[in-house]
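Pasting the structures here.
What follows is a pair of complexes built around chain A, which joins chain B in one and chain C in the other.
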Partner chain A sequence: MTVWLHIVAIVLLASLGGALWRVWRGRSQADRMMAAQLIGTSGVAVLIVLAALQDWTLLVVAFALALLAALAAVGFVTSQSPDGAGDPEEAHPPKGWRDRGRNG
Partner chain B sequence: MADLATYLLTGLGLVFFIAGTVGLVRFPDQFSRLHALTKGDNLGLGFIALGVAFQAESWAQLAMLALIWVLALLAAGTVAQLVARAALTEQDKP
Partner chain C sequence: MSVALDITLCALVLGVGWATVAGHGVFRAVIFFITYGLLLAIVWARLGAYDVALAEAAISAGLTGVLLLAAHGRLRRLNASQEVPLHLNLPAAVVAVGIAAGLGWAWFALPAPTAPDLSQALPQSGVGNPVTAVLLNFRAWDTLLESVILLAALLGLWMLARDHAWDKPLGLPYHARPGGVLASFGRVLPPIGLIFGVYLVWAGADTTGGAFQGGTVLAAVCLVTIMAGVLHAPRVEQAAWRAALVLGPGVFVLSGIAGAVFAQGFLALPPALAKPAIVTIEAALTVSIAVTLVLLVIGPPDEGEQDA
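Right, the complex of A and B next:
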């Protein structure tokens, strides 16, 4: 049983590596954010498998990681639009709105 | 019997995770990637949590596993919507 769970953990890490490739190559920001979401979730899955293998208190760590992965994506979305709503229905933002924050 | 269930369920969860990652890498369009990713996400994590649940010794661990999966479900659902919105806004830019 432990051998199988080790194999599962290793293959999960391999799938995490595949998602990292998308982070590196993803043309748009949204692609990178999707991959970060998948990395967060496969991290949670690895932690769950390790909890079964070694110590059951790792489940709390997996819970915290699942929470943080969600908050990371929310942070990304709020940084995308000027008023932070990330709402496509609002009027098209004016030209050059993206870097108004950085160089005034 | 419990071990057999763990073998099968974690294997199934693994298949979904690999499918999600391959979908994320291979699909041409952003939204189809997002679809594959969220599918792999929820189901993969759900089956692995279910598989590990057969190894759990106490009720607290089962409750914790269920809690993690429900949080992952809610988080992945809403995050997919938000990221799709961000991707949508990006496409309309001149």
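Right, the complex of A and C next:
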């Protein structure tokens, strides 16, 4: 069983190579960001396998990563908007957004 | 088999580290650096340092990535150079190689440190997690100074604000389409993160977790709510936020003084009171760490580039 878990962990780590290649070659920035998200998902998987191998306490680390890995994507889409503080779903910032909740 | 696993992990860390500094383009380096932090978390997990793995995962996934991507976006909007010139900076290379060689020499030359045996002292500390026992009982002085350093870093950052922006809210004015994916994400993630962060602080007394890890998780979800436009960033003058910043160091110093008056010395904890004292200090520290990290990432008061 332990041998199998080691093999699974190694295969998962090796599969990161494909995503790393996408980060290196990219083409678009979104490609690179999505590859980083894929690496985050695989990282959670590796940590779960390591938890089974070493200590189930590691599930806490895996959970932290699963919870927070999407934050980089939020940071990415926000920084890509015209003013660096927006949302790609907004065609144009709504009128008066700059003053909303700012005067009180 | 475990050797093969460790070699694969080392090869990935070295490869990603090389790719971070070697390639052209700031954005690619940022993405590789985010990946690097994730791999380091796996390395710490592999080494059995679960508390460090947790801190590394929370910091690298939750905060550093957001910070670096925001900085990159800002460079792009200012039309700053995106290309990293790839020539050898000889003085920097010499210094870096010198430091690496010195560290390598120290590794072999110094006697192997003999860690003090905690198993005798741990029952006296009031907590079951040896990391928490060292951080908040045996070496509390270091932790107290570290909590003050975070505050000093924030003050240094606020000094970068322009005079006319001083009374404006901190950071960029974030906004999102109401009911959109980003706004929904800003409402779904925080409840889970809130429970998880509080759990980490509470569990940190006896197992993996702690004030810094919990505070980082809380900071990350608070950051999401601000970036999704659900919560508005505070202003420098708001007294409640300032109080939250100094709560942790303040409670820590007060407990230290209480130790000097009623127990053996400054920051000394009598074993009978150690557990409640540590939990109280950790709770206060968590609030301060979370607020400080959020304010560090969103930056000084700013009106956005259009007004500059």
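The definition used in the following text is that the second predicted complex is superposed on the first by the 82 of 104 C-alpha atoms of A that agree within 3 Å, B and C clash if a C-alpha of one lies under 4 Å from a C-alpha of the other, contacts with A are read in each partner's own complex, and residues count from 1 in each chain.
Note that a contact is a pair of C-beta atoms (placed from the backbone, for glycine too) under 8 Å apart; a residue touches a chain by one contact, two chains touch by 3 or more.
None of these values were measured; they are calculated from a predicted model.
Engineer: Quick check on the superposed pair: does A:13 touch chain B, chain C, both, or neither? Answer first, second, both or neither.
Structural biologist: In the superposed model, A:13 contacts chain C only, not chain B.
Engineer: Does chain B (first) or chain C (second) touch A:45, or do both, or does neither?
Structural biologist: Once the two structures are laid over each other on A, A:45 reaches chain B alone.
Engineer: Just chain B (first), just chain C (second), both, or neither: which does A:24 touch?
Structural biologist: It touches chain C, and chain B stays clear.
Engineer: Looking at A:34, would you say it contacts chain B, chain C, both, or neither? Reply first, second, both or neither.
Structural biologist: First partner only.
Engineer: So in the superposed three-chain picture, is A:1 touching just chain B, just chain C, both, or none of them (first/second/both/neither)?
Structural biologist: Once the two structures are laid over each other on A, A:1 reaches chain B alone.
Engineer: Based on the superposed arrangement, let me know which partner A:55 touches: chain B (first), chain C (second), both, or neither?
Structural biologist: In the superposition, A:55 touches chain C alone.
Engineer: Identify the overlap between the chain B-contacting and the chain C-contacting residues of chain A.
Structural biologist: 16, 29, 33, 35, 60, 63, 67, 69-70, 74, 76-77, 80, 86-87
Engineer: For a test of understanding, state which residues of chain A touch chain B in their complex under the given definition.
Structural biologist: 1, 4-5, 8, 11-12, 15-16, 18-19, 21-22, 28-31, 33-35, 37-38, 41-42, 44-45, 48-49, 51-52, 56, 59-60, 62-63, 66-67, 69-70, 73-74, 76-77, 80-81, 86-88, 92, 95
Engineer: Under the definition above, what is the set of chain A residues touching chain C in their complex?
Structural biologist: Residues 2-3, 6-7, 9-10, 13-14, 16-17, 20, 23-24, 26, 29, 32-33, 35-36, 39-40, 43, 46-47, 50, 54-55, 57-58, 60-61, 63-65, 67-72, 74-80, 83-87, 89-90, 93-94, 97-98, 100-102 of chain A touch chain C in their complex.
Engineer: Would you tell me which residues of chain C are touching chain A in their complex?
Structural biologist: 1-2, 4-5, 8-9, 12, 15-16, 19, 23, 27-28, 31-32, 34-35, 38-39, 41-42, 45-46, 48, 50, 53-54, 57-58, 61-63, 65-67, 69-70, 72-74, 76-77, 168-169, 172-177, 180-183, 185, 189, 192-193, 196, 200, 203, 207-209, 213, 217, 220, 223-224, 227-229, 232, 304-306
Engineer: Show which residues of chain B lie in contact with chain A when the two form their complex.
Structural biologist: Of all residues in chain B, those touching chain A are 3, 6-7, 10-11, 13-14, 17-18, 20-22, 24-25, 30, 33-34, 37, 40-41, 44-45, 48-49, 52, 55-58, 61, 64-65, 67-68, 71-72, 74-76, 78-80, 82-90, 92, 94.
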